[in-house]
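Worksheet for the structure shown next.
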Amino acid sequence: MFPYLEILVFLPAVAGVLVFFFPSEFPKRYYKGLGVLVSSVEFIVAAAMLVQFKTGVGGYQMISRYHWIPEFGITWSLGVDGISLFLVILSAILFPIAIFGSKETKDPKTFIAWMLILEAACVGSFLVLDLFDFFLMFELTLIPTYFLMSNWGFALGGRAAVKFFVYTFLGSAFLLIGILALVFIHDGGTGQVTFSIVALAHTQMSSTAGRLLFLAFSIAFLIKAPVFPFHTWSPDAYSQSPISTAIVLGGIMAKLGTYGIIRFDFQLFPQASRSLGWLILTLAVVGIVYGAITAAGESHLSRLVAYSSLSHMGFIVLGLFAFTQIGLAGAVLQMFNHGIYTAALFLLLGMIYARRKTLDTSKLAGIQSKAPVMAGIFTLVMLASIGLPGLNGFVGEFMILLGTFISHRWWAVVGVSGVVFSAVYMLWAYQKVFHRRDPEQRSFRDLSVREVATLVPLVILIVGVGIFPNLLLSRIDPSVHKVLSDATTQSVAYHSSLGKVAGR
Amino acid sequence: MLAVVTMPDLVTFIAAALAALVGAVGVVTLRHPVHAALMLVMTLFAIAVLFVEQGAQFLAAVQVIVYAGAIVVLFLFVIMLLGVDKRESIMPKNAVTWQLPIGLLFVIAILIELSILTKGVWATGTHSVTAAVNGVSNIAVLARAVFTTYLLPFEATSVLLVVAVLGAVVLSRIPRASTSEELALEMESDAKEEVELG
Amino acid sequence: MRYLFATILSGTPIKFPQISYAAIFPEAILIGVAVTVMLAVALIGRREATYGYTALGVGAALASGIWSYHLSQDVSTHGAKSVIGGSLAVDGFSTFFMILTSIGLIVTLLVAEAYIYKVGSRGPEFVALALLSASGAMLMESAYDLLVLFIGLEILSISLYVMVAFTTSRKLAKESAFKYFILGGFASALFLYGLALTYGATGSTNLAKIALFLSKNTLTSSGVLLAGMVLILAGLGFKVALVPFQFWTPDVYQGAPTTVTGYMSGVVKAAGFAALLRVFYVAFGTLRADWQPILLVISILTLLAGAVLAVVQKDVKRMLAYSSINHAGFILLGLYVATVTSLGDSLYYLFAYTIMSSGTFAVISMIADLEGRTEMSVSLEDLRGLSKRYPKVALSLAVLLLAQAGAPFTIGFLAKFSVLSAVIEAHHYALGIVAMLSVVIAAVLYLRITLSMYSATSDAGGDVETTQSELIPDVSLGAVMVELEIEDDTQAKVDSGIPIAAGVAVFLTLAMTIGLALDANPLVHFAARATLLR
Amino acid sequence: MSVPGSWYLILAAALFGIGAFGILVRRNILIMFMCLELMLNAVNLTLVTYSRMLNDIAGQVGVFFVLVVAAAEVVVGLGLIVSIFRGKRQVTADDLHILRG
Amino acid sequence: MGADPLLLGGVNLGVVILVIVKVLVAFAVLMVTVMLMVWFERKVISDMQNRIGPNRAGPFGLLQSLADGIKLFFKEDLVPDQSDRFVFKLAPYLAIVPAFLTFTIVPIGGYIDVFGYRTELQVADPPMGILLLLAMSSISVYGVMLAGWSSGSKYPLLGSVRASAQMISYEAAMGLSIVAVVLVTGSLSTRDMVISQQGSFFGVVPHWNILRLGVIPFVIFMIAITAELNRPPFDLVEAEQELVGGFNTEYSSIRFALFYLAEFMNTVTMSAVIVTLFFGGPDGPDPNFLHWLWPIIWFVVKTGVFAFIYVWLRAALPRLRYDQLMDLGWKVLIPLSLGWLLVIAGMQISKVAGFGMLVALVLGAGLLYRAFSVGKTTWGAASSLSSPAEKTPSLRRPKFGDASGSGGTRVITRITPEGVARGDTEVSNGRT
């Protein structure tokens, strides 16, 4: 079989490392093209994989496995299922766009190299089936991000990068301890040291141990997502990153956290996930409301997106811990959607910044009349983010709320307020930036063809997924079902409700 | 315990122990390096006497030859060569005052640890693992041990001596490297370093 | 004449121990080549032929390493044994460390090539001293008797005192050399006193005999033994810079020639830990309950102090000194845990650490050389814009630093992982979290250094400050681009100034840092197989 | 019957302590160095005493090695001091104040 | 194993008294000998210089030394103002005590029976015997050194620094030649050494160490000991022309007398030691009566010969220059004695380990000596290499990328007054 997954992980990694060693005579202007080229090839491979992916099958597909460090029981194993599938696709879509849309002129060689390595790390994190490998990849995302943020970021990028790094690394610290503890508990029970997710899923442990491990894992994922109250790094990081990195941060890396929750928390500690679900649910709901309120008060557009992201990630977590088929499927779908429209938002912000050198809502005004194309696309993306039916944001959010309502009614009720708030702050910001009359009547160039070309794929996805969610759901559902049935014995009861929603 | 100790032994021990202690205290308290060195010699001699008292004549002689004869002489030599025979006040004004209490604490810790932990039981090991000390003269026994059981460390000491010779040669050849202008720059950079770091 | 044999041959005839020349070959070749170097200088007198001397030294180290590997193969087939009257152990542990020492020595010598060229007339002596000192390290690593250990320690230390003082033309260097000397001597004295008390308590200095005695006897009063143990720990702790005894490290690391600093942080630390591990595992293995609490406190302090103090430094060498303290804490964790597998984990960490640290200091030394800075002061400011001036050097340093931070796909990560796994396996979860905390703190440090290389020069830094309110260094395409392009052309060839030997050394460490992580199993397996002779 | 070994050991411990104290407190480099020698001598006394108490020659062999080591250390140490302080008048550690702990 | 039979039976009052008597007798004898030695030296030198020498006090001026001593004793005792008083007063004693202590290990005869106790004719016969000589000779440096230093004056200080350097330098050679003796004796005890020299080769030639060892250790020992004693031609310590009077310039009165006494006591003692080590000590023909007396006579005669030789040397030889002195010590005597030691060791071992060992060690010794002499010549050449003119790196070091770019030739960092110059690339980056 064609090694899609290996290529997906190693192509950008090898390309990234090679770029580092390019001779300095290599003209600088070609680097960006090179980056786009590599990531586009990556996209093509990902697309081919999507075609190859068998629908209606729950487990991992295209599994490959090599013994890497037998002494530690570490293997190098890759596999994809419905949960990781669209996250990989998301990465493969967003990276070319981020690179293409990037405006970094300083040291393009290193920039491209880091971006490609970051892509490899992100894709790798989604694809690996071995806890050790996952941790490696999970960690590996930090380093490029750190450098991208501090070297190409805004003035305070360095500080934001340190904050980001310390927060997420601290989370990883717990993750690593948790992984090791789990492995040795498994070792104690079976006498077999392994890091394989599949093998570890059936580890027998006391409920206390399970809860502690669940917390250790969750902290890492909640920080990465981010979920209230671990989000404090994110506004700084989003606002100080270069646009391309912000796209990756908000669009892809945030999903690493939620992906980790499904993949590891649910599969490895199903009981603890259920018994401590209320805790995470509460955090998620608080995050939804808090993020929305804070976003409403925020005058810096990037920070606004960061807080809105907090709110939206809260929704996703809500969907996850609802422990219903529909909620979980919605959450997985929403991960994809959120990635798309967040990326689009950041791209637009970058374009605004390139023209006005500021993202402060109080200093921006009257763009709509000068740049109608931009305003139009912005409106569309914003509406998707608010969750307007027919656009992609709606499907996921609706399924999440529905799923949560089934199992955790009151949380869902509070969560709905987030939708309302998001409409408020988004429209408010839109109104300030685009509709107010600009007192100085400064000029504002509309989007160039190139910029439109950058945005078009995302717009298509926003609309397309909104209209045909089943293209995705049909691939997501079996895996979600498998996760749930592995995690719970009662999944059959909820299965029936899936039919109604899916057939909508 | 005292009853079984013979008089000459007791007298010798007390005299030598006192000399050793006085010498040691002298090294630590006397301001003048030369005086301190002399006090050190006194301690070394006293220890040599204690060696003889315990039947280690060879080591006593070597102790005097190596320590008193070579080491302290080298000390004195260096003191005179450098012309640093100035008095040093024990507590210079700018001295770091924490050193004294720390030092005291450290020493008291060692002594208390030893005296309390041991509870009077000082030696718990088995008798004669390597070779028994043999009567009046143990030089042959010592030599035998050095050339059999401890052959390897004995040979290794030769490496140590090579290192020492090499080191001494290297260290004493240093100032050749500087031309006058380098020297000038060096001083300048010294001053700069002080500004940067001091 | 009759008298002679009456004296010497009276009593039992002297039974000389069987000398296993194969076992001491790694040390012997180093010593032999050191002497050869000096003889060559005396007889040929060409002191400026640095490549020749370096080649001799590297050849010796290589031979020693290869022979050690051969020995380790031998051990794995025929089993470990003690040789030469039980004073040396030939086991997986000792051969592991000998190979490690050879690698460290090779790197040191290669890096030193540029340095000894600069030192001029005293260059060959440096090579000889490095070889001798490494032979001391090897002696320490395979010592099976406390006295042998002590002699090895002193051979190592005394040559090192000289190497540290090799260029004392600057005040800082003088000071650090002396500080190192006095404190090193102090540590040796502590170790010796510990040796003496241990001898008194057990009746032997041989590790196996001590262990045998302790396993057979229950001491009525273990005070002397405990005191001896603590003093030995303190003495060796000084050498490897564990926390209450670490205060000399930053000064000495900063003041010493960077080449020597690399050597100290790599080979010397490895030797110290080898001694520490062997003494505590073999001789005091039965007293585990007594030393574990002490080690727990020390390792936690070492981990945290190393990491925290490193972050507040300004000079790169000082930072790395503190970070090496942090690493020492990790290695000690393996000893503290003292499970069957933790020894191998500690060894793996040591190996990784030695490689990374030697490499890092090699690059720092290269930078100081290339930039025309003094050896002692490479501050973060100096590193600014390094990636522009010397892209390859900067990249190497970045990789090595990231490896030290524990970045994935480097041996640094695997090392931390393996020690942590030992800690967790023994159910010390809190300790594991503390260790990871220190990693997080230390990582910030490494990233800071790396970042400063990749950020603009200090001039540009000023610009950033003025435009802070304006946020981005972006977009006004034309002018900036042209400027950058011009700058690049002038600096494109700057990397060509790298001394060949040092370049090879750095490449070697880089290759091992990455290569041994990608194909991790051989080294992991090797470290796990490096068991102690008991 | 000669004096019990524990007396010697206590004396040696005291000497060791005094030497250590001296190193920590004194600022004159040469005197610090002398204190180091004092400590080594205390160790020697300990070893010889144990050698007698245990009726085992190993302790004396140890002293033998310590003497060699001490000699080597002094040679290098004094060489160091001479090379450092050549042409200076004052040999106190307080002169060395750039590096603080 | 030689041990004084006196002490074997346990210690009681009689033994203690006997030991004290032995000490006192030895001291008295030594003092008298020293007195005579001073006279002897002056007389002999006078003779050699065609003078008469002391002839007023006593028969042949024999009491001249006593008279001088009494005169010095009554002179004013001056302590210089700048001196370190305690050390100044201590130094003379440090000079004289080792001189006497060395004498205690010299066996001057066989055994003697007194009051039922059998004892050796030597003050003490410790098992480490000859090491005491080394110990004491190394202690005797202190007297000279501290005397010079404590005077608080430049010339004495220079004298004492010279003295200590000289004494340390020659001690090594001396020790190595003693080791040769120990090697053939198999014991450190002086009595054992003497005993091992009894007998003869082929019944004719005495079985003395000077012959057993080949003459070389003796020559080395002789030269080294002369230097240790600071006697001519190695008396740079008290070179009047250069140093006014050496380390004892500031001394007067009885303290000066003590130094003087120490020097002559050392001369006598060392003559006795040479006899003990190389000339069989009290060994000699024994005409079968007065068994206890003959050894003493032989001993005294031999010692007298060496005492004469010392005086002769003083009269005959000019003083060495300081660098010559050091060269001789380090570059000739030490390698020579090392090499010879190897040869002797080879001879000893070859009896057990076969002839090949001897050959190997002789070869080794030859190589060793050769290496030293090569080192001697090239060391100078090496140091000229590091002279500033030649240090300028004329060589271009090969670097990465040398072939490709003309700009890539980086000359090694040079430090110039203008700043740090880095060859032909980038002279300044704005922060030199």
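Read from first to last, the chains carry the letters A, B, C, D and E; within each, the first residue is number 1.
The definition used in the following text is that a residue touches a chain if its C-beta (ideal position, glycine included) is under 8 Å from a C-beta of that chain, and two chains touch if they have at least 3 such contacts.
Since the structure is predicted, the reported quantities are computational estimates derived from the model, not experimental observations.
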Third chains touching both subunit D and subunit C: B
Check every other chain and keep only those touching both subunit A and subunit D; list them. C
With centres defined from CA atoms, tell me which chain sits nearest the overall protein centre. C
Decide which interface, B-E or B-C, involves more C-beta pairs in contact, and give its chain pair. B-C
Taking each chain's centre as the mean of its C-alpha atoms, give the chain farthest from subunit E. A
Centre-to-centre on C-alpha atoms, which chain is most distant from subunit D? A
Could you work out how far the Cα centre of subunit B sits from that of subunit E, in whole Å? 25
In whole angstrom, the CA-centroid distance of subunit C from subunit E equals 45
Expressed in whole Å, how far the mean CA point of subunit B lies from that of subunit D is 3
Using Cα averages as centroids, what's the distance between subunit A and subunit E in whole Å? 87
Could you pull out the residues of subunit D that touch at least 2 other chains? 9, 16, 19-20, 23, 33, 49-50, 53-54, 56, 58, 61, 65, 69, 72-73, 76, 79-81, 83, 98-99
Would you please write down the residue numbers of subunit C that are in contact with two or more other chains? 7, 120-121, 147, 150-151, 154, 158, 161-162, 165, 168, 171-172, 199-200, 203-204
Using the touch definition from the top, which residues of subunit A touch two or more other chains? none
Help me check something: in the complex, which residues belonging to subunit C touch subunit D? 147, 150-151, 154, 158, 161-162, 165, 168, 171-172, 174-179, 181-182, 185-186, 188-189, 192-193, 195-197, 199-200, 203-205, 247, 250-251, 254-255
Under the definition above, what is the set of subunit B residues touching subunit E in their complex? 8, 32, 34-35, 38, 41, 57-58, 60-62, 64-65, 68-70, 73-74, 76-77, 80-81, 85, 136-137, 139, 173, 176-177, 179, 181-182, 184-185
Which subunit D residues qualify as touching subunit C in the complex? 9, 16, 19-20, 23, 29, 32-33, 36, 39-40, 42-43, 46-47, 49-50, 53-54, 56, 58-59, 61-62, 65-66, 69, 72-73, 76-77, 79-81, 83-84, 93, 96, 98-99, 101
Help me check something: in the complex, which residues belonging to subunit A touch subunit C? 20, 24-25, 28, 68-72, 74, 103-107, 110, 132, 135-137, 139-140, 143, 146-147, 150-151, 154-156, 158, 161-162, 165-166, 169-170, 173-174, 176-177, 180-181, 183-184, 187, 353-354, 357-358
Listed in rising order, the residues of subunit E that touch subunit B in the complex are 1, 3, 11, 84, 86-87, 90, 126-128, 131-132, 134-135, 137-139, 141-142, 145-146, 149-150, 157, 160-161, 164-165, 167-168, 171, 188, 383, 386, 388, 391, 415-417
